[in-house]
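Look at the two complexes coming up: chain A is in both, with chain B in one and chain C in the other.
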Partner chain A sequence: MLNKYLNLTKQNLTILMRNNFHLIVIGLAVIMVILVNFVIPGQVKITPKELFFDNTNNNIVQDYLLKNDVQKDRFVDSEKKLYERLNQNSNTLGVIIDGNKDNTSFTIIGQGNENDEAFNLLSAAMANLIDRIKNNQNENINIQYLRPQQPNIPFNQKLIPIIIFTEVILLGFLLVAVIVFQEKEEGGIKAFRVSPANTIVYILSKVSANLILAYLYLLIVLLFTLGFNVNYLNIFVLTTLGSILMTLLGLSISVFFKNLEEFIFVALIVLSILALPMMTYLTPSFSPDFFRFLPSYSVLFGLRELLFTSGKNSILFNLNMLLVLEGIGMFIIATWSVNRKLMKEGK
Partner chain B sequence: MFKKIKYYFKQNLILSLRNNMIIYMTVFPILLALGLSFFMPNVTEIETTIAVDNTIEQNKIDKLEDYGNVITYNNLDALKERVNQWDDVAGITKMDGKYNIILEGNEPEETAEMSEAVLGLILNQNNQYSFNYASLEKDNSSMVELAGSLVLLTIILIAGLTIGLGIIDEKENDVINALSVSPISLKEFILSKSIISIFFAVVLSFITVFIMVGNSVNYWLVLIAVLASVKIGIIWGFLIGGIADNLIGAIGVIKSTALFLIAVPMASVYTPIKFHWVYYIFPNYWAFKSYQNIFNQNQWINFNYASIITFIFSLGLLLVLTPYFKRKLNIR
Partner chain C sequence: MIEVKNLFHKYDNQSEYAVNDVSFKINKGEIFGFLGPSGAGKSTVQNIMTGLLELQKGDILYNNSSLDQMGLDFFNQIGVSFEHPNLYSKLSGYENLKYYAGLFDVPTKEPEYLLNQVGLKEAADKEAKSYSKGMKQRLVFARALLNDPKILFLDEPLSGLDPSIAREIKNIIINKKKNKTTIFLTTHNMFVAEELCDKVAFINEGEIVALDTPRNLKLRYGEKSVKVEYKQDNNLQKEYLFPENQADNLRLKKLIGSNNIETIHSQEATLEQIFIKITGRELA
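Moving on to the complex of A and B:
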């Protein structure tokens, strides 16, 4: 059985390599490494950016914020310029600050679609800013951290879990289908049906071929972005379980389609849904319940936890256990689907 | 010439109908538009989630609700459990007369600052700040602009994808070899393949934009933008069909190129305008600018210029790549 499994895995890898998939994977990984290390900046604001016109005596707000590393291009020197900039970029909010530090007034200018909460939050942030300038800290408020405080993750590094997630986890879904359809076209399935190997070997060989490509990508990306500062063993466990789950899901669905042309649109829909948690990842306060039930949600955040550890060990263990259970369930479904649709077709 | 184009157009149409391609290429963008419309109200009205436990007074909870969605937990342990979940939600509890903001430790700085600011403003009854609010009263939010533009880009790419997969199908069934000895020229071949895609791209862009924003945009601009940019999808389709000899090869080409097609315009949205010159070499960047102008006309480049650049750029690219397509497809 082991020999059959190894031969089939080799055969699947040959199909992929004949079509230069190993080169594509290496190429994509190198591009990602370049993007993370040299192109994507460490400081990016995805939520609406505030632009300021500081009309106070001595520009107290502008001076304070510039000293605290707020970018210079967030300030304008007239109300007219503020409106011009706001009109140019819909992802901005404007703040005009008047008066002095003892009697400050703020005019907050929105684009027209913000809710009241957004205005209130910005009002609170501005009030807090003046309090800090005046060294007026509220002694009735404490901040308590459940675990030691972690340094802020630079934006370029924050994208690494997404970069791994989209290629290693999600694409297993598509790649396995491609191999299945190619085998159908080339008659490989017919040959397999009359061979002594069973469905389990067939499925495991597909999963293994995908995993080898996934590891190749993962290693290049991690080694050249975060180096040896991460726990490779834990990351390999999580990505292996995630990739297996997605590969089995792809296999279970793809066998019900005639050809790749039909399947690819269904795949795009499934992948789009599974990719939704990326919105929560980039805007963590936006967390609809529907997203949290998707398996991709916990895998994505699990990757973040493993790459930038904050000490959620028990949650990670539970996540791995959940993925094992989901993987077993999906394996049963995949075996049933393959037996029903691939192994019996044409018999 | 028109007779030949009509004949091959008919053949392509029959093939697309037989493979259910037309159904899928119609359904996918509509589902995408419906899905985005469903999530967009939530996204544009993003509410920060604030967790509190039963030690927080009701009048404070009422005030906190002005700043976000407040969830109340029965005790401190339940509150801590919520804070410990994957997302970045701050918890608030009261101990010994003081308010404690509970965080995990891995949240961005803004989470702590924002919670402190909100709580500070609520507790400070004697603040001397005054707030006025104004609005530019734009019809479409930045999220609508982004999502709408993304859907239009997806439509022209799907139009190209169907061409690419169609060519692969013809390669696998030796139709391409037969065409190479037939009287059809590459120009006629490209036209016959493109007509269905252009037609569907226009119709679908109208339907999806209507689903997302109704009558709040000028549909002539939608038509012009799609016609100016659809060649990008067509070029992509011919690249897929030209480079790949089978389905796996096609997925390889899609994998290596789709990243640039989608990621470049998306990244440009979050890049300061002074660095946008980096994107000038990408025709999809100009197409995206043209789409963004449909939803919000206050871009750094106006609709007319963006559409003209997209049209000329993609036409030039098509002309430059034609000899390559000729060689790869072996059509005269």
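Moving on to the complex of A and C:
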């Protein structure tokens, strides 16, 4: 059985390479490396940019902020210019500061689409700013951490789990379908069915070939973005589980369709559902419970935990176990589907 | 020995049986021709015999063991050449054979040897997608021989081949028979069947309508015929006449008396003529 599996895996890899899938994967990985290293900034301001017109005596607020590395282009020297800049960029808030050090007032100018939270946050920040200028900070506020404080993760690196996750999901799910449809069209599966190889060998060879492409992508992305500062073994284990699961899912669904055109609509729906955990990743406060049962959730948050550890050791084990259980279930489903739809005809 | 007993098969979307109470026996080392027009049920029977289609009703015995009871080892003993070439188009001819050979548990023949045998040595390293239909047909045939099978299923193996290549393939089939390989040959080409088969079965609308050796079929159903070529208005005309038939006999005498005859040959009735006589259908 091992020889048949290795032989069939080699065949699948040769076909993948003749289809230039390895070049697509390498090209995609290179694009992602360029994006992370040279295009996506390390720091991104998510909230609207504040523009200031400091109308106080001696420009006390402007002076203080400039000394604290706030960029010079955030300040204007007249109310008219402030309105001009606000009109030019809809992702800005304006702040007019009047009065003096002991009696400072603020006027916040919004675009009209902001919520109260944004104004309240800015009001609190400005009040705190004046306290700091007056050396009058509230010393009664203490901050405590459940786990050791983690270094701030640059924004571009924060996207690496999504970059890996997207490829593992796409590659595992779609490429196996492409190969299945190619085999259906050419009839290769019919020849396989009159050979002494079984369905398990067929499925495992598809999974393995896809896995090798996933490793190729993973290595390029990790080596050229994070270098050797990551636990490669754990990442490969997680990616292996995720890729196997997605390949089995792609195989289980694609065998029910005649060609790629019919399959693609269903594929888009499935991929959209699988992409949902990205919403939680980018907006942690939005985390519906059912997202946690999507296999893609385990892959995405497992990768985040491995690349930027939060110190919650049990998370990774739980996510891996969930992937193993889902993988076993999906293997049973894939074996049934392949047996029923590919290995028998005209029942 | 292969024994097919009371085989029935119905497709999901059809009300009639595609195969209706088909029974026959094939002895070891025999070439059994399964003849009939397109849609008669030939491929359905072959697909059931090779396990590609589910055995719904009836039984198929290989050396007294039912197909239902046979495990994957059965596929180590058989070779199947399909009518429509089903190859991996992105793989070369050599790779198609090499990877397929890797699926067997029994010793396999060298791909180079088989490619040479079917005249594809020069094209061995070219991707199968660049092959002509005839080349693909030969590659599928070569693939069926990889495991040196004891039973060979050949579905239209000579279709689309030029005469010289067809001759080579026929020689390979004859040599396989000499080596005691049992061959199930599905075809609608009666000349191929006549030349190669020890026994033939005519299948029409899912039922076997005649089964015997080609010679016995000719003796039972055939009449001696005469092929006459003659000139009429400067055009060459051709007629098949059966002298045992009184009208044909008179026509033949009239043609001879006209002095326009170019050639005249007596001949046996062909299997095709017999098939038409039995079923009222043509084979093409």
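In this text, the second predicted complex is superposed on the first by the 244 of 347 C-alpha atoms of A that agree within 3 Å, B and C clash if a C-alpha of one lies under 4 Å from a C-alpha of the other, contacts with A are read in each partner's own complex, and residues count from 1 in each chain.
As a convention for this text, a residue touches a chain if its C-beta (ideal position, glycine included) is under 8 Å from a C-beta of that chain, and two chains touch if they have at least 3 such contacts.
Quick caveat, the model's predicted, so the values are computed rather than measured.
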Open item on the list: With both complexes overlaid on chain A, does A:68 touch chain B (first), chain C (second), both or neither?
Closed with: neither
Task: Touched partner set for A:19, first chain B, second chain C, both or neither - done: both
Open item on the list: Between chain C and chain B, which one touches more residues of chain A when both complexes sit on the common chain A?
Closed with: B
- [ ] Kindly classify A:141 by the partners it touches after superposition: chain B alone (first), chain C alone (second), both, or neither?
- [x] first
Open item on the list: Going by the contact definition given at the top, which residues of chain A touch chain B in one complex and chain C in the other?
Closed with: 15, 18-19, 182
Task: Partner chain A, residues of chain B touching it in the complex - done: 19-21, 24-25, 27-28, 31-32, 35, 39, 42-49, 66-68, 80, 83-84, 86-89, 97-109, 111-121, 123-124, 127-145, 158, 161-162, 165-166, 169, 172, 244, 246-252, 255-256, 259, 267, 269-270, 272-274, 296, 298-300
Task: chain B partner contacts - residues on chain A that touch it in the complex - done: 15-16, 18-21, 24, 27-28, 31, 40, 44-48, 73, 83, 86-91, 102-121, 123-128, 130-131, 138-150, 152-153, 171, 174-175, 178-179, 181-182, 185, 258-262, 264-266, 268-269, 272-273, 276, 279-280, 283-288, 292, 297-298, 301-302, 305, 308, 310-312, 315
Open item on the list: Going by the contact rule set out above, which residues of chain A touch chain C in the complex?
Closed with: 3-4, 6-8, 10-11, 14-15, 18-19, 182-183, 186-188, 190-198, 344-347
Open item on the list: Give the list of chain C residues in touch with chain A in this complex.
Closed with: 11-12, 47, 50-54, 72-76, 78, 80, 82, 84-91, 95, 99-100, 102-105, 127, 143
